[in-house]
Amino acid sequence: MNGFGHPVQAQNGAPDENRRVKKHFLQNLSLKPLKTMTTLDPVILFFLLGLFAGLLRSELRLPPAIYEFLSVILLISIGLKGGVELSKQSFGSLVGQMGLVLALGFTLPLLLYPVLRLLGKLARADAASLAAHYGSVSVGTFAAASAWLTAHSVPFEEYMALFVVLLEVPAIVVGILLARGVSRETRWGKLAHEIFLGKGIVLLAGGLIVGWISGPQGVEPIGGLFFGIFKGVLALFLLEMGLIAAAQAGNLRKHGLFLALFGIITPLVCALIGGSLGAAMGLSIGGITLLATLAASASYIAVPAAMRLAVPEANPALSLTAALGVTFPFNVLVGIPLYHRMAVTLFGG
Amino acid sequence: MATSHLRKLLTVITESALEKDLCSDLESLGAHGYTVTDARGKGHRGVREAAWDPSGNIRVEVVCTKETACAIAEHLKAKYYSNYAMILYLSDVEVLRPEKF
Amino acid sequence: MNGFGHPVQAQNGAPDENRRVKKHFLQNLSLKPLKTMTTLDPVILFFLLGLFAGLLRSELRLPPAIYEFLSVILLISIGLKGGVELSKQSFGSLVGQMGLVLALGFTLPLLLYPVLRLLGKLARADAASLAAHYGSVSVGTFAAASAWLTAHSVPFEEYMALFVVLLEVPAIVVGILLARGVSRETRWGKLAHEIFLGKGIVLLAGGLIVGWISGPQGVEPIGGLFFGIFKGVLALFLLEMGLIAAAQAGNLRKHGLFLALFGIITPLVCALIGGSLGAAMGLSIGGITLLATLAASASYIAVPAAMRLAVPEANPALSLTAALGVTFPFNVLVGIPLYHRMAVTLFGG
Amino acid sequence: MNGFGHPVQAQNGAPDENRRVKKHFLQNLSLKPLKTMTTLDPVILFFLLGLFAGLLRSELRLPPAIYEFLSVILLISIGLKGGVELSKQSFGSLVGQMGLVLALGFTLPLLLYPVLRLLGKLARADAASLAAHYGSVSVGTFAAASAWLTAHSVPFEEYMALFVVLLEVPAIVVGILLARGVSRETRWGKLAHEIFLGKGIVLLAGGLIVGWISGPQGVEPIGGLFFGIFKGVLALFLLEMGLIAAAQAGNLRKHGLFLALFGIITPLVCALIGGSLGAAMGLSIGGITLLATLAASASYIAVPAAMRLAVPEANPALSLTAALGVTFPFNVLVGIPLYHRMAVTLFGG
Amino acid sequence: MATSHLRKLLTVITESALEKDLCSDLESLGAHGYTVTDARGKGHRGVREAAWDPSGNIRVEVVCTKETACAIAEHLKAKYYSNYAMILYLSDVEVLRPEKF
Amino acid sequence: MATSHLRKLLTVITESALEKDLCSDLESLGAHGYTVTDARGKGHRGVREAAWDPSGNIRVEVVCTKETACAIAEHLKAKYYSNYAMILYLSDVEVLRPEKF
């Protein structure tokens, strides 16, 4: 095969084979330092590429329309996939899990807020906003985690896309209440509109519903776009996310050590909470890993938009720097494999 | 062009996130229209890049009477200045059909 | 299979199986109201998603560049597909059909104009413009109809993309003549340029020619983009069209009942005319359905652009509201299956 | 098969079969003039479509974001493909070839500069800038040439994407030295940053590295986007390039015959030099053709950007008109098959 | 900046569909150049969204002499005002190289 | 709006390729901020189309004091005018918070 017109060989090569071959090749070259990278998925390599290009102030900038396009495909793909799997479940059996996941979404920001106020000495609005960001979830991180599990042949409950939708909203509500209190007149109607009809929820939930109604064979004809090129789209998306994360580095220097520490310790703690809940819910190791990752991830789309309008006195640089500049890279590069190891070690009996 | 009339052009540069709210404010304060373009820039609140959607700016123009312009300016100052990246300036323009503005 | 990297199962699952399984699943849930949706293709569900999101004033907006990208792929795909099938026909055998289709394109606006003047009491320019919109065709509707036929295993004459090109232009000429008369000095040269070198015709006809020259195997290497992800692209396109259609709803309230009625009755009548012509031309049931759909569809790209420049005193809100806000959704949601039923009932002997 | 949802038949139809069938069909139609086109790849037909649409001043304009998106995919695809093949080579065996290719990159502009000064009577800055453009390479031309070789079943060294990266830079350095001399204070640090961290190099070299680390099976999951739809993406890209090339036609009339001649003769001479080097390096016929094409191609992305900032007094219209308006179309339409014939004739023993 | 000169800046906001015609009008009426940006907005003819291409606005700027500005304004008023979404305003600007405008 | 203050608005239209250099020039010459939008246009150096990235224009606005505006204008004239497509004009604007500009 010597052209670009055809997909690369061995569509059915087992991933284990894959890693074995790769290791073999790298050993022959005796490039030792690269050896630690042998488990790196190409999508992660693209994230690193974006990160380095950004840190070195490369000219590389993707037009915002491309970023939008990629994220639209990602959101719909994840929703569709989840919806298809949902269509195989009896809905009743999930109601319990859904309730627990919602409770997780309300609890996490409530746990984080006092830490931020007392240890971080942050102003009320800033603490509430950060708590909301970290109580909610990042779809990009979820996509990276699913891809990682797939690449490592770890099965998981595919319907977990539903949990992404469920976890997105509660932290926003809690965050606003923490910042404003119940007394003050927050325009909840307008806010609910803003949150539930934001791009993320509409596409994710829309994809879920379409996938759920259509079922496995129903979505097959649209699978070329939403499944066939999914991982390539994820690679480009992570390239862009690398560039965006790098752009936060400047702020990081400004806002000091606290953000860096918070951005790394919080996901570790949240992952433990999320993973424990997953184990209690009886999820598989893959499912536990995913729920841990969701708990560990911080929103950088839905929550910033909602907070900007509802709690404008919170400094958006603080939360974006932590969520995009620290936690996103940490989760993608270190967290996901770590949370998997944690799931195996703690709950893998 | 004997029939030209003086009006004010108010230009607001601010975060894209405010577009919806800002435009409805403009209308309720008496502007008969507005024009929005996407922008990027730098100011006291740092670089705004437009690399991804909410990180960009918008540039909003309103042609209106002096009174309306001042009312809008005061309102924006009170409502948004302390919490949002925003600048605002006014200039004199001549228009052909004064009834439109 | 538990990842995103691979297309969903059962590439060769027969569509009937598909629907049976889906029905089964929904009955088990005993969600009766959903049962009417069992024939809904996911692409239609995406249209509904866009429509609802738009009507609920969601934040969801795709950048114009994405809309352009999707429509470029759609136009080229349809052209290519048609051209490939054309390359299997002897050209001579089609000349007769082409003549009849052109005649249809000239006749439809002439039939609609008096109705709009007398019943609709519209001004000359407005009536002429609406007649032109409905005499011409919508490529998006054609794509949705082809996808519907394919999903329901109804074969059709694939070379009909040629008819899309043929039907696009005549109504514009007739519309301008109706508005301006022959006497006045219309700049026909400039207009012809505008029409024939507009985006739609160039890409559709260009795709036709490329497909026709290249033949089935020639286009195969570019099939990944133009055929492999076609239906996913159509789904995204219809999502966007749903948003755009919803945005016309405000105008609809303003311009009242007449537009709504016109936007629904006209396609029904035109479908009957188009379907009858198809039957007379000896097309298959699928072909009759497609020609009926083409006749029933209203242009929202080529004609608005041409009318805006050639007949500027016509109110563009009128025709866009009817074409996009009423007729497009009607055709996509109700019309296509209806025209197929009509074809089977009337001409299916 | 009667739908859009599935790729066109005969995924495994041999290209020879393909051409035979096409010829057959065209003979039946007895459309003699088309017969010369039987070797035209659809991607080339799309280039012609763009060229004609542009020359006829069609409305067709793709948004810049689409152009960016297509070129990002192209650059990464080429890099990935090259990197994967690189991972199969022992690196040591390539160092010699890499040195020779670098030497070619330094030599070509030095050969072209005196010709431009003496024969072309160009000002120093203009001569240096044109020399830099033609000494460097065009990635679009490389993609078109690889696609041509693949379509004609000519095998080649896939790792040649590495040579694209190597050839991109030296001519820029030489061009700036020719324009400025060594003495003057050129800000080399800033320039190096500009060049090495420009979009083209980052994506191409980034793709190479990712492909090289990941190996054949590693990149397989992202192959849907980067290989599966590659040729379709190339077709759209060339459509756009046709439009851009046509837009240079106006300048061509202004700057006269010299540019036209230079834009055609230079690639011929450079192809001979590049091809000879390839033969000396022991490349296959396909590899010789590709190196000849690279030498023959002129940069229209990296070099214009660098020259605009480093040698601003050079008139950018001159070099862009020659590179985009003459040489790119010449190479894509005539050059590539010619260089292959040359390789077969001169070095095909 | 002793050498600055007064000119008029004419700004036109109108439907994207007019770009080609409008620009050739500007040139034939004596403008030495123009600048176009994409925009969206709202006016007497309703919201113009730019969600898809032809539904958007353009914002065209011309720096020119007072006479040219008035000629263009009158021409646009006569040719486009009654049928197209369009506004137009003029302001005073200083330029460095008067021969360019 | 008793508290408005006079400033200069400097508008520069030039090739996109210059964005980075131009913006750092502006900052080093004392501008407290700037706003950039993408544009296309035509001038003495021909059509600039934005069909692909580097062929487009940018439109840069700076609100600043008269002195800073003149310094920037002189600098740009000296550094870029002879080799780049560029125009530049100044107008008077009123701002609300003079300390920002």
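Per-chain residue numbering starts at 1, and chain names A, B, C, D, E and F are given in the order in which the chains are listed.
Operating definition for what follows: a contact is a pair of C-beta atoms (placed from the backbone, for glycine too) under 8 Å apart; a residue touches a chain by one contact, two chains touch by 3 or more.
Keep in mind that this is a model prediction, so the values were computed, not measured.
Graph distance from chain B to chain D, where chains that touch are one step apart, equals 2. Seen from the C-alpha centroid of chain E, the farthest chain centroid is that of A. Inter-chain centre distance (chain A to chain F, centres taken as mean C-alpha positions): 40 Å.
With centres taken as mean Cα positions, chain E sits 36 Å from chain C.
Taking each chain's centre as the average of its CA atoms, chain E and chain F sit 19 Å apart. Across the assembly, chain F contributes residues 37-38, 91-92 that each touch 2 or more other chains. Listed for chain A are residues 5, 61-65, 68-69, 147, 150-151, 221, 224, 228-231, 234, 305, each touching two or more other chains.
Each chain pair that touches appears in this list: A-B, A-C, A-D, B-E, B-F, C-D, C-E, D-F, E-F. By the touch criterion given at the top, residues 11, 13, 37-44, 57, 59, 70, 73-74, 77, 81, 87-92 of chain F touch chain E in their complex.
Chain D makes touch with chain F in their complex at residues 61-62, 64, 67-68, 240, 243-244, 247, 251, 301, 304-305, 308-309, 312-313, 317.
Chain F meets chain B in the complex at residues 1, 4, 7, 9, 23, 27, 32-38, 63, 91-97, 100. By the touch rule above, chain A contacts chain D in their complex via residues 2-11, 13, 15, 17-18, 21-22, 25, 29, 34, 37, 40-43, 45-46, 49, 53, 56-66, 69, 147, 150-151, 221, 224, 228-236. Residue ranges of chain C in contact with chain D, taken from their complex: 5, 63-65, 68-69, 72-73, 76-78, 81, 84, 87-88, 90-91, 143, 146-147, 149-151, 154-156, 158, 193-194, 197-199, 202-203, 206, 209-210, 213-231, 234, 286, 305.
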